[in-house]
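Below: the structure, in structure tokens.
Naming follows writing order (A, B, C and D), and every chain is counted from residue 1.
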Amino acid sequence: MSVPISYYLVLSGILFGLGVVAFVFKRNVITVFMSIELMLNAVNLAFVAFARAHQQLDGLVFVFFVIVVAAAEAAVGLAIVMMMAQNGQSLNVERAHSLGEGGPTYLPGGSAAESREALKS
Amino acid sequence: MIPLIVFFACALLAVASAVTLILAREPIHSALSLINVMVALAILYLLLGAEFISAVQIIVYAGAIMVLFVFVIMLLNAGVEERTDYSKLAKYAGLPLGFFLLIEIARWMYGSSAGSTIANGAGAITGAVSTRDLSSELFRQYLFNFEATSLLILIAILGALVLARKNQ
Amino acid sequence: MFMLNYMWIILALPILGAAVNGLFGKRLPKAAVNSVAIGSVALTFAAVCELVREFWYLPASQIPWVKSYYTWMVAGDYTAQAFHINFALQVDQLTVIMLLTVSFVGLLIHIYSIGYMEHEGGYYRYFSYLNLFMFFMLTLVMGANLAVMFVGWEGVGLCSYLLIGFWFHKKSATDAGKKAFITTRIGDLAFMVGILLAFWTFGSLTYSAMFQQAAKMTPDTMAHAGTLTAIAVLLFVGAIGKSAQLPLYVWLPDAMEGPTPVSALIHAATMVTAGVYMVARMNPVYSRAPIAMMLVAVVGGITAFYAATIALVQTDIKKVLAYSTISQLGYMFLGCGVGAYAAGIFHLMTHAFFKGLLFLTAGSVIHAMGGEQDMTKMGGLRKKIPITYWTMLIATLAIAGIPGFAGFFSKDEILEAAKSGPHASQWLWALGVAAAGLTSFYMFRLIFLTFFGKPRFDEHKVHVHESPWKMTIPLMILAFLSTFGGWVAAPRLAGGIDYFSRFLDPVFSSYAPSPVVSEAAATPGLSPVAQVLLALVGIPVILAVIGLLVAWWFYIKNPNAPKQLAQKLHGLYILLLNKYYVDELYLGAIVRPLLWLSTKVLWQFVDATVIDGAVNGTATVARETGGEVRELQSGNTRSYASWVAIGAVGFTMLLLAFIGWAVR
Amino acid sequence: MGFISEHSVLVASLIKVAVLLFIVMTALAYLTWFERKVVAHIQSRWGPYYVGAHGLLQPLADGLKFLFKEDLTPPASDKLVYVLAPFLALSLSLTAIALIPFGPPNLRLFGQPLFVVSNIDIGLLFLFAITSMGVYGVALAGWSSNSKYPLLGGLRSSAQMISYEVSLTISVVGVLLLAGSLNFNSIIEGPQGQGGYWLHFVPKWNVFPQIIGFLCYLTAAVAETNRIPFDLPEAETELVAGFHTEYSSFKFAMFFMAEYANMITVSCLATILFFGGWLSPFPETWRWQLYLPGAGLIALGIYCAYDAATRMRGLARLQLSVVTVLALGIGAVCLLPMVAPYVQGPFWFTAKILVFLFFYVWVRGTLPRFRYDQLMSFGWKLLLPVSLANLVVTAAVIVFVTRHA
């Protein structure tokens, strides 16, 4: 009784989609990073499945590279997060928008309402 | 029979964990659920006969990268995530489209590969990709890429150091 | 056979020296720079000698000896018409002559330069340029096809530019450099077109192939001028530029701004004669283009006379020599033009000797006078700098064509050809002879003004001293050569063989439409002695002597006669003094309009309004759109993420649609 | 029945796991006893003495105590994670042991390898995978109990483990290069398996060519198990008890057991990689080694008998005599010719492991604790470069030899 490859692919597709949703949905920088990792994992699954299906090693080799890149990304990204925190900035991506149109407006950490006020100004 | 059971168990675990990743407000919980996903995927890799990959998946991803995440979360004591909602775009366009993408990709991948089957778990383990072949592939055909990635990660390390250094 | 197989060594040595001096010269001590520069050139000369020795034993069947080293340019398919150029070098009699002349004179002048440039800044720079020049000149001479030759052609131009403007802090020097470069460039344009036309006509740029093609073609006649004539004329225009003939001679006098050894090497001995070499080299083409031949001859003759007239009244010692160079070059072209290529080359060689010597002695004089170049402020130097004086006197006798000296033989040969050669014409002969008279006049004027009479300078300020041996040794050697360098052609006078022409004969007769009589047909029915006597008391010689006497009368007998004459013929004097106002003419006719066009039209209209307008317009548009679009940049990462998601969806949709279509 | 025959591998594995679990649990319990005894003697004390003869029942007592203590959870803690952490720690450390081969794989019972639970090609990698997950137990425990000291302990442990895992792995790679495999059995049977002996009696253990790698491994392993001198996560004097400050009763016991299980795992790994695992150090030709296990046990029994007869009184004497009987009995069985070969593997393996465990306890009894920055700089600036250098040199030598052989 064998598992059709399509199952794996569908699973990876679902995971990837969930990763995208998480990427859009999450507010915390770290979790946003995590959602990226989730997407990468989904892609890896697809790679391995294809490699298995075609009996070729290239897919597996590529997984390595994906993992390495993910590691690098995590290292740098988390360092950035650390700096954000050290500068007393909130980890909420919606509050970190110094590059936004309208210049660096610091959103007070209070209620959403006054934050919106700050955004408008 | 067993492979199917294993597969569905892992798939279920993975998807559920991914959903909890999204829903959890506590970053640690998200991290844990992501680890779950990774472990589940590692098992699936075993099922697919990619032993080495699954080991690497656990060692590097779950054992190193995610530890880093947990470490940072603990260090910053990142509290409960506040569900601010400044981005109308994300609310009304991003999320729906994300879900749409999810369904679309899944559907397409199914359609593109429906019916093609591969060897089951037990067979896969016996017919597993030997680490030797994998490494020879990696160090012969993909040597340059390998070196390039090593350089990349070195640069990443340096970048992380520079960023995290106390700025004086 | 070693050197014949490794001819590139001859080119490699000087460029090596140039590279070493140019790159590290700044840090090297003077001695090292010297040894590098001199050593490289000396080795080059040795290599050339070895080459000549091997060439001597080469069977005639293997001449010209061509060796191709690597494929340089390829374009088009490998058909007959494909543009395929090798970096190939060639040796034949003509090359041998040129090689010997260039490398030997170059060597001497290098040695001379050590003494002359001793106290100058940028010492290493000077020598690296000089070596570079040697490299390019040798390339020009040895190239086996027009392309390689063109490389040398342009390279020597570059070096002359660099060396004329060597004292770049002097504006006049830099201007002179630019003038030389641009003026020659005008000629080079035509030259290039000529090359391309030649390729288009012959399907190759390699000499032998071209000449074979040319030999197949029907020669143009006086009545009907065809492609051959066009090629010949175009190439000759290039030669006009390079060899400072009418009307493009204007750069050469200014080129005297450069160091004197440079003037000697580049602007007297070697580079300026490149044009003559080219015409001689392309003789199969020229011989089939009578109109071009006539053009060459006429331009040469007129230049010879014209420049001589200007030289009459110049007071700057180097300027005089410059104009005399122009006129001598005119002689060479005259020789080539009337079909006596051998005579032209012969004169080229002898001229290299005595004109190089003249410049060097002039440099020695200037050196002795502490930088003074105006002859009217000299005089009476005879006793003070004897070596310079004697060598310069020898050179003068040579250039004036006094029998027994080198110049006599070559010039006589040219005039003979002009009188009785294949393309002879009385007028050209007359021009040549007149120029000969004038030459001897202004040269002796120079001598008398400089060395005789009482000093016209403050002896307390300027203490005149003989130059160091580094400078005098080359002078003596050149003096020796300009005395006996011409004797190879001596037997001709007695109706015998001209060994020089005999030696060069294969080059000029192998592709000639009708066998060229390079030895002037001796007057028949006379005993050799009579012939010799006839030659010795020939009209040129007489005129030369007259010129000598006139100069003596003017500048020794009664020194204020010149002024009176100047008063009498004031207009002519002024005209000559201002070199026929040619520079001013060019300035008014060409330079000013160009300037106006470029400032008023091109700059202030085209650039300012059209181009800038376009650029600024784009910028404005970009800014406006950016101002609109930047509203998107909310700074909210989630919005960005949403944009990414939207993009992804769109792309995926596209992809799926495409795949669906592809599958279907 | 059909199911069993169909999935004999599965069933056999389950049985083996159960047995192994039992053995390991006991071993853990008595490892604590062992440690306390040794440390006590190092500090010239008697150690546990009253509960049973030589305190042999002490572990039992401890276990009961843990069970009956009140299990309290801090109210501010994150319940789920708080409960999850100890389970994670223990289960992972136990799982690791399942990969260890305790004897030659070709010894079979009912067609199933007797001493090998799982003999997979990349056993070593899996071991590392599992141990690398072990960090979470500590880290999460530290975080979830939501109080200062545990948090600090958790942070320290995660940083420390990550740091030392790197050098641990790299120091092992040298051996892998020599063995050319990731499978434990092929590593064990590598050079010595082909009957390799120097001077006919010195076994070709990897430790000899890889001495530097071995030292690195040993150091990193101590740090990996959070033991003195690297026990900063649970430094009593600095952080009360580090990550398990808030834990009590059985959850605490789990952490406790996990630590000892890790010790065992690491020792097993050292044995396998560097000291030829379950292979006997003596050449095959020395037949008498077959009877060494039995002889040893009988000797132990005799000692116990003597001890019981001379020193013990009452209950203790009874216990000791039980031990005596057991020892003598098992020893006798081991002496039987058809049994003896089966015992060889486990015997030697256990013996070697015991040496390592003793070493651990010894270190604990001897060395003081590092300061945290010292720890980090030592790990990154000394250990890692040395192990890397070892790896490079090994690789170079191997390449050279294979080229010229």
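In this text, a residue touches a chain if its C-beta (ideal position, glycine included) is under 8 Å from a C-beta of that chain, and two chains touch if they have at least 3 such contacts.
Since the model is a prediction, treat every value here as computed from it, not as a measurement.
Visitor: By the touch rule set out at the top, what is the minimum number of steps from chain C to chain D?
Guide: 2
Visitor: Once you find the CA centre of chain A and the CA centre of chain C, what distance in Å lies between them?
Guide: Here chain A and chain C have centroids separated by 73 Å.
Visitor: For chain A and chain B, let me know how many angstrom lie between their CA-based centres, rounded off.
Guide: 10
Visitor: Centroid of chain B to centroid of chain C, CA atoms only: how many Å?
Guide: Chain centroid spacing, chain B to chain C, equals 76 Å.
Visitor: When the C-alpha atoms of chain A and chain D are each averaged to a single point, how far apart are the two points in Å?
Guide: From the centre of chain A to the centre of chain D is 39 Å.
Visitor: Which residue numbers or ranges of chain D touch two or more of the other chains?
Guide: Not one residue of chain D touches more than one other chain, so the list is empty.
Visitor: Can you list every residue of chain B that touches 2 or more other chains, as numbers and ranges?
Guide: 52, 56, 64, 68, 73, 75, 86-87, 90, 94-95, 98, 101, 105, 108
Visitor: In chain A, which residues are in touch with two or more of the other chains?
Guide: 20, 23-24, 27, 94, in rising order.
Visitor: On the basis of the stated criterion, which chains touch which? Give every pair.
Guide: Final set of chain pairs in contact is A-B, A-C, B-C, B-D.
Visitor: With touch defined as at the start, can you tell me which chain C residues reach chain B in the complex?
Guide: 634, 636, 638-639, 641-643, 645-646, 648-649, 652-653, 656
Visitor: Enumerate the contact residues on chain B facing chain A in the complex.
Guide: Those residues of chain B that touch chain A are 1, 3-4, 7, 11, 14-15, 18-19, 21-22, 27, 30-31, 34, 37-38, 41, 44-45, 47-50, 52-53, 56-57, 60-61, 64-66, 68-69, 72-73, 75-76, 78, 81-87, 90, 94-95, 98-99, 101-103, 105-110, 112-121, 123-124, 129, 133-134, 137-138, 141-142, 145-146, 149-150, 152-153, 155-157, 159-161, 163-164.
Visitor: Going by the contact rule set out above, which residues of chain B touch chain C in the complex?
Guide: For chain B paired with chain C, touching residues are 86-87, 89-90, 93-95, 97-98, 100-101, 104-105, 108.
Visitor: Could you list, by residue number, the parts of chain A that touch chain B in their complex?
Guide: 1-28, 30-31, 33-35, 37-38, 41, 44-46, 48-49, 51-53, 57-58, 60-61, 63-65, 67-76, 78-83, 85, 91-92, 94-95, 112, 115-116, 119
Visitor: Going by the contact rule set out above, which residues of chain C touch chain A in the complex?
Guide: 630-638, 641-642, 644-645, 648
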